[in-house]
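Note that the chains take the letters A, B, C and D in the order they are written out, and that residue 1 is the start of every chain.
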Amino acid sequence: MRLLKKSPTFNLGKLAAGVTAASAMVLALGANTVQAKKFDGVTVNVMTFTGPQIAEPLQRHAPEFKALTGATINIITVPFSDLYTKLLTDFATGTNSVDAAVFAPQWVVDYADPGYLQDISANVAKDKALEESDISPFFRSFSTQYKGKTYLLTLDGDFHMIYYRTDVLKEAGLAPPNTWDEYLAIAKAVNGQDMNGDGKPDYGSCISKKRNAQAYWAVMSIAGGYLQSQGTSQGAFFDTKDMKPLVNNDAFAAALHIYKETSKYAPADEINLDVGDTRGLFTAGRCALTIDWGDVGTLAIDPNSSKVIDKVGAAMLPGSTKVLNRDTGKLETCTATSCPHAVDGINRAPYAAFGGWSGGINAAADDKVKQAAYEYFSYVSQPAQSNKDVTIGATGFNPYRLSQFNNMQGWLDAGMSKEAAENYLGAIKDSLNSPNMLLDLRIPKNQNYQQVVLDTALARYLAGEIDVNQTMETIEEGWDELNEELGKAEQLELYKATLGL
Amino acid sequence: MSEVNQAKVGFAQRIDKLTPQLLIFPTVLIILFLAIYPLLLSAYLSMSRFKLVSGGFELKFVGIYNFKKLFSGSQQYHFLGTFGELLLWEWLIIALFIGSFCYWLVRYFASGKASVIGGIGRLITALVLSALTLLAFSVLNGTGHPGSLMVTLFYVFVGVAIQFFVALGLALLCAQKIRGKHFFRMAFFIPIMVTPVGIAYAFRMLMDMSQGPFAPIWSMFGLAEFSWAADAWMARWVVLIGDSWQWIPFLFMVLLAAIENQPKEQVEAAQLDGAGSWRVFKDITFPSIAAVAATAVLIRLIEAFKIIDLPNILTNGGPGIATESMTLHSFIAWRTQDLGGSAAVGYSLLFVAVVICVSFFNFVGQRTVAKGA
Amino acid sequence: MSLMNKSLWQRLSEPKDLQSMSPLKKIFTYSILFVWSFVVLFPLYWLFVTSFKLPIQVSDGPFYIPFIDFEPSLHAWKYIFIDLGQDTLRPYLNSIIIASISTVLAVFIGSMSAYALTRIEYKPKLGSIVGFIGIVALVVYLTVTVGMQWQLSLSIGVALFVVFVLAFSRYFTRALGNNDILFWIISQRIMPPVVSVLPIYIMFQQLGLLDTHFALIVTYMAVNLPIVVWLMRDFFAKIPVDLEESAMLDGASRMRVFLTIYLPLAKPGLAATTMLVLILSWNEYLLALFLSTADAQTMPLMVAAQNATRGPQWWYMSVLIVVMVVPVLIAAGFIGRLINKGQLAGAVKG
Amino acid sequence: MSIKLTGIRKSYGSTEVVKGVDLEIAEGQFLVLLGPSGCGKTTLLRIVAGLESATQGEVYIQGQEVTNVLPKYRDIAMVFQSYALYPHMSVMQNIGYPLLLRKVPKEERDEAVLKAAQAVHLEPYLQRYPKQLSGGQRQRVALARAMVRRPKLFLMDEPLSNLDAQLRSQMRAELKHLQKKLAVTTVYVTHDQIEAMTLADKVAVINQGVVQQLAPPREIYNDPANLFVAGFVGSPRMNFIRGAIKQGIFSSRSCEFLCPKMADQSAAVLGVRPEDISIVAGEGQIRAAIYSIELTGDETIVTCSIDDEQTSAQIVVRMPADFESQIGEVVSVKITSKRVYLFDAQSQLRLRADGEGEVL
C-alpha cells in the first residue's frame, strides 16, 4: 500500500484513523479506573471452519475471555473443505496471518513436522484450570500429541458410533445390531416403514456416501471389525511390518460389500448425501439406522429441528465374527487368540474417526499472542465452559471429558431423558474404553491417502464404475504409490509411532 | 503564436507522441504481472512436487512426471477415463472423422494459400480433434468411463450448444413486438447476476426429489425414490441444466442486441419478396448476427472450460467421478496439496482450451466476420 | 389472386399485418416467454421463501407459499443481520468496494487499450518483448528468491528496460501487429484460475498485501481486462473515424479524443461491458477464497460457508443469496438504461 | 395494376402522421409522392406495401381490398432508400433472392437474373458483394432485384437520394425508360422536385400528412393549388411578397400590382416564379436592392432584398448570363409574364378571380 500513501484520499484515511485513535484514548482515560489486564491490546486471529458448529462456541466465549484477560479473539472462518489448504498455505508461505487454529488432529503431522505448530507441552503441564486428567486418555493423547509432544488442546471428542431409532426397532422386535450382518438385517426389515408419521415410506439405513465429503470414514468403521483384532496398536490401514496397505483382502472386500449393500435400504440419492444431509434425514425421523459422530445425539434433542426427541439410541460400532488373517489375506472365525478382545465371539473396533476438533497455535506468532491463544483454548476447554457446550447440538462439540460422561445432570438440563442420556453416554464410554479402538490414519499426507485415493475409489465403486476387486486394487496401488513417493520407511516409522509402537 | 505557446506545444506534442504507449501500457503491464508471470510459475509448478519442509516449503523438480501420471499413470482413469473395447463400427466412424480432418488439412495445403503458421495451426487443430474423437469413442462406449477431460468437453460442447440455441430462440421471441418486453428482458437477465455458488446450492434444493419444490410432481410419476445423483448421465445433465440456467442470459442479451440492431429494411425487403419467418431468419437475420454470435459463443466457450462451482457443490464430482470437470479435478488436487498434479491438470486444460478456442476463433469466427458486414 | 379469402389455417397462422403476430404465434410466443419466466424466476422465488422457513419446514418437504402453507419466520434474517451483524456487513461492504472499484478500473484501463488497438497501429518488436519478459523474470527472481525489496527490484527492472529499449530496439525487425496483441490479451482469459492462484497468492504475500482490498481489486481487474478489451474494441470500431479526425483537427489530443468523444459515444457498449464485468467480479469465488482471510472476505465466500457439517444451512444461505442479488439488480437497473440509448446512431446518421 | 387509397390515416401513439389520404393510380402510371421530409410520404408508401398497417382507411389493389393482406401476397417490389441489399450475398444472389423464394428452378433463375442485370448494366459485377460496389451500382442492384420477378407494382423510397448529382440525373433517365418499357405501375417517394417533375405521370404533393395537390407535373408547376405547393415546386423557388388586395390592387411596401378582378383581401401573398420577372432599366412593379449575383453558366441568378412586412425578405430573379450589376444597387423588377399567383395568407389557398382561372 506504500504506493497509495501519497494520494490525498489516503491522507484522509490517516486523518480519520488519527481522530479515531484520539477518541479511543479519551475513552480509555475515562475508563482508567478499570485495572490493566494481562493481555490488553493483544489480538489473536483464530481460524476455523464456518459455523455455526465449532465457530459458534469459539465466538461466544471470545467476549467473556476479553473481559477476563483483555485479549481480543478474532474468529476467522473458512469453508470446511478449504480449511486444510488455507492453513497450510498460510503457514508454509510464511504469511502467518493466522495465530491459532481449530482443526482436525489428523492434520497435526503435516503441520507439526515442518515446525509450524507451537509445542505446548510445558503450558499444559502447568495449567491447573484445564484439569487435563479429566480429559479421556484417548483424546488426551491421540488428539493432541505427536511424537511425544503436545501440540493441540482438545475441544471436542469425535468418533464413529451407530444410532438407531429405539421406537422403530422396538416395534419390529429387534435389538440394536452387534454385527454388520445384523445391521443389514435390521435395515432390510424396517426399510419402507413409515417412521415419522407422515405417511411416506422411510429408510432402513442412511450413511453419508457423498464423494469429497465424509464417506471414507464410514467404510473404515465397517472394515474396522474385520481388519483389527489385536488391540489399538495393531492398526488397520497398513501392515506394521512392511507398510503394506490392508485394503486388498477378504476383510476389506467384506466391508465394501456391506457398505454397498446398505444402499439398498437407503434413500436413492444416498450417494449424494453428505453427513449434514444424513443428520437432517435422521433427525427428521426418516431413517432407522445411521453411522455418525457424537453430534446426532445432541442434534436429536434440538426441538427446533428434531422429530425424534427421545427416540434415538446410540451404540458402539457393530463388529464381526470373522477377522482377517494378515498372512493369508483370508477371513477366519474369531478364536481366543485371533480376537483377544472379542465379546461373545464378536470382534469390534470402534473407529476414532477424525478425532475431534482441537486447537493449535502458530509457532511463528509473537510470544504474547501465543500465550493468549493458549489461555483462550484452555478457557474454552475448561469444564466450566465445555461441560455446557457439549450438551448443545449447535456447538458441534461432543463430550470428551470423563466428567461429561459421568455427570448426567448437564444432559438432563439440555433436554435428554435419563434413559437416552445413559444410552448415549454409555455408547461413548464403551467405545472409548475399548482396547481395540481403531485409530484414524495420522501420517503425513493422510489427506491424500484418504480423501483422494480411498474416497475416489469408493465413489467409483458406489457408482458402479469398478467392482470390488478393482476398487481394492486401485486403493492399494494408490497407497503404494504415495508410500513410494513419500518414502516407505519414513511413513512406516511414523505410522508405527501413531500406534504407539 | 508567442514563444511561450510554442514551448507548450512542444511539450504537448511530446506527450501526444507518447500517448499510444500510455494507452496500452497499463493493460500490458497488469496482464504481464498477473497472468503471464503466474502462468510461467505454474508451468514450473506442474513439473515439480510440492513438499513441506521445516519453516516453509520446497518445490522438487520432477520433469513430466505429473503429466505422465495423468496420461498413462495412476491418474489416467481420472483424467482421460477408462477405455472400453472399441467395436468395428466405432472404429469405422472414428476413421471417418479422422479422414475428414485430414481432408480438411489436405484441401488447405492444396489451396495454394497455405502459410507455415497457418499450416502448423491447422495441423495442431486436426491432431487434437482426432485425438479427442478417438478418446470420446473409447471412453463413452459401453464399457468405458469418461474422465474429467471428456466430462469437461461434454459440458463445453453440449452445454454451449444448448445455451446458444435456447438463447437464440428466446432472443428471437423477445425481439418481436410484444407486451411487457422490458419485464421479460430484465427477468431473463437475472440468473447471471446470482453468484454461481448460490446457483449451485439453489439447484441442489430444487433438484431434491423428496423435499424440493417438485417433489409432489416426482412422486406423482412414481419417481420419488429415484435419484438423479446416482446416475452418471443424469447427474451430468443436472449440472448442465444449472450451468445453462446461469449462462443463457448472457447469450440471450448479446443475441437480442444483435437482432435488434440488424437493418430493418433488409428484413422488410425479404418480407416483400415473399419470405416467411423461417426464411427471413435463415437468410437475413442469422447472417447479420453471425459475427456477434461467434464472439459471444467464443466468450462463452472460454468460460465454459472453467466450470467448477456447479459440479463441486451439486455432486462433489460424483457419482464416482462422473461429473468432475477438469477445473474441479485440479481444484481437488490443490486442496490436498498436490500442487504439481493440480497444475498439470490445469495446464492440460489450458492446452485443450486454447487449441479449441483458437480453432474456433480462426476457422469459425473469422469466417463469419469476413462474410458479414 | 384471392387476397381476402383466408383459410382458417391462414387466419390462425398469419398475422393481420407485419406489426402484429398471428394468433398461433402469439400463443406460442407468450407461452414460451411465460414458461421461461417461470424457469428463471422460480429458483429465486424458492430461495426467497426458503429464507423465511424454519429448519424443520425445509426438511419436512416442500412448502410453497408463506402464511398459507407455512408460517414464515424471520429467524434466518435475524441471524444474518443481527446475530452476525458486523460479520455480514463487512463482507457485504467488501464485495461492494472490491467489485465496483475493480470494475471501474478494468473498464477504464481496458477501454483505453481497446481504443488504442482500434485506432493506433502498434508494431511491437519481437526482440523488445523477449527482453521485457526477461527483465520481468529478473525482477521476480530478485524479489522472490533473492529477497530484495520489491520497490528496489522493480526500479532496477524499469531502468534496465529503458536502457535496453533505447540501446537495442532498432536492431529488431520482426514485429507483431494489433491482432497479435489483441489475441494475446484475450488468451489470458482462457487460463483457469486454479492454475494461477498460487503464484498470485505468493506474489501478494511477498508484497504483504494478502487479505487486503487492494489485492482483490488488482486481481479482478487483471482477470477481467481481456473481456473489456475485447468487447470494447467492437464498439469502438463502429465509431466513424471522421469523428476522431475532426476532433483532432479542432486541436484535441488523443487522450482527449478518447475521453470526450469515444467514451461518451460508446456509452451503450460501455454500459453492457461494465455490467458483465461487475457481475463477474461480484460473484467470483475461487480467487477470493485464497486472497482473502478475514478483512477482505467477500460475499460468495459467506454463501459457501453456510454449508456446515450439519448440512447446508439453507435458510441462512437463501438470505445471503437474496441479499447478494439486490445490489446487482439495482446496478443493472441504472446501467441498463444506458444500454438502450442509441447515441451512436444519432452521431452517424447526422 | 391500379391502386386506390381511401381515407388512410396513420398514427403512432398520439401523433398522426397521415391524416386522411385519398389517392388513385391508374395501371401503368408513374406516381410520385412529393413532400418535405417527415410529411408522411414514406409512411404512405409503406402502407401501400403492407409493411405498415393503416390506422384507418382502406387500400385497394386492382379493385380488391388488401388493407389487411400481408405484403407477400400483394406482389409488390420495393426499392429502399438504403437499398437493403443483403451484405452476405453476392450481387447475383441478391438479385436472384426473390426468385429463390418463389422456388424458381436454377437455370430459369440465372437467366432472369442475367437479364435484369443487363437491363441495369450490372453484368460485370455479378460475383461481387455489396460492400465492393459503388453507390450507383448498389442502387442498380436494388433496382434489378425489384424488377427481376416482374412485379405488378413498383414502390421506390427515395432510391436516388444517396447518389451524386450526375449519377442521379443519369439514373433518372434510366428509371423513366425502364418504367415505360416494363409498363409497371410505380409509386415513387421523393423530396426532390426535379425527380418528381421529370419522372412522374402524376405528382401527389404531400405536406403534414395531407395531399395538397394531385395532378400531372405540368399542372402542379403551372397551377399550384396553394401556397405550399407553389413554394415547394420549382427551383429556385417561387418568390412571395406579402401584402393586401384592395380595390383590384395588390400592394405591399415595395410592390404594387394590378389585379382588377380580385376581391378585397386584407392579408394576401403574391407569388411569382423567378423566370417570370426580370430586372429592368425602366419602371417595374417591385423595388429591390441587389443582394447577391450567382452565375450558373447559362444564366444568372440574382437575389434581391425587398422592403417587405417581413424584414429582409428576398426575391430571386433569373437573368440572362450576360447580366451585370453591383451588389447594393437599387433596381426595379418587372413582372414579365401572366403567371402571377395570389394566395390567401390565412388559409394559404389560391385566390382565384370569380369564374376565371387566370388572375388577371
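Throughout what follows, a residue touches a chain if its C-beta (ideal position, glycine included) is under 8 Å from a C-beta of that chain, and two chains touch if they have at least 3 such contacts.
Computed from a prediction, not measured in an experiment: that's the story for all the values here.
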Go through the assembly and pull out the chains touching chain B as well as chain D.
C
Could you tell me which chain's Cα centre is nearest to the average position of every protein Cα atom shown?
C
When all chain pairs are ranked by how many C-beta pairs they have in contact, which pair ranks first?
B-C
Cα-centroid distance, chain B relative to chain C, in whole angstrom:
17
Distance between the centres, which are taken as Cα means, of chain D and chain C, whole angstrom:
53
Between chain A and chain B, the Cα-mean centres are separated in Å by 39
Do you know which chain B residues sit against two or more other chains?
210, 268, 271, 334
By the touch rule stated above, which residues of chain C touch at least two different other chains?
18-20, 59-61, 198, 202, 304, 307, 312
Could you check chain A for residues that touch two or more other chains and list them?
82, 93-94, 274
Tell me, which pairs of chains are in touch?
A-B, A-C, B-C, B-D, C-D
Would you pull the chain B residues touching chain C in the complex into a rising list?
12, 15-16, 19-20, 22-24, 26-28, 30-42, 45, 169-170, 173-174, 176-178, 183-184, 186-199, 201-206, 210-216, 245, 249-250, 253, 257, 268, 271, 295, 299, 302, 305-306, 308-309, 313, 326-327, 330-331, 334, 339, 342-343, 346-347, 349-350, 353-354, 357-358, 361
In the complex with chain D, residue positions of chain C that touch it
1, 3-4, 14-20
Mind listing the chain A positions that touch chain B in their complex?
81-82, 84-85, 88, 92-94, 110, 113-115, 200, 210-213, 267-272, 274, 445, 447-448, 451-452, 456, 459-465, 477-478, 481, 485
So in the complex, which bits of chain D are touching chain C?
50-53, 61-62, 64-66, 68-71, 73-75
In their shared complex, chain A is touched by residues of chain B numbered 49, 52-57, 74, 78, 82, 145, 208-210, 224-230, 232, 235, 314-322, 332-338
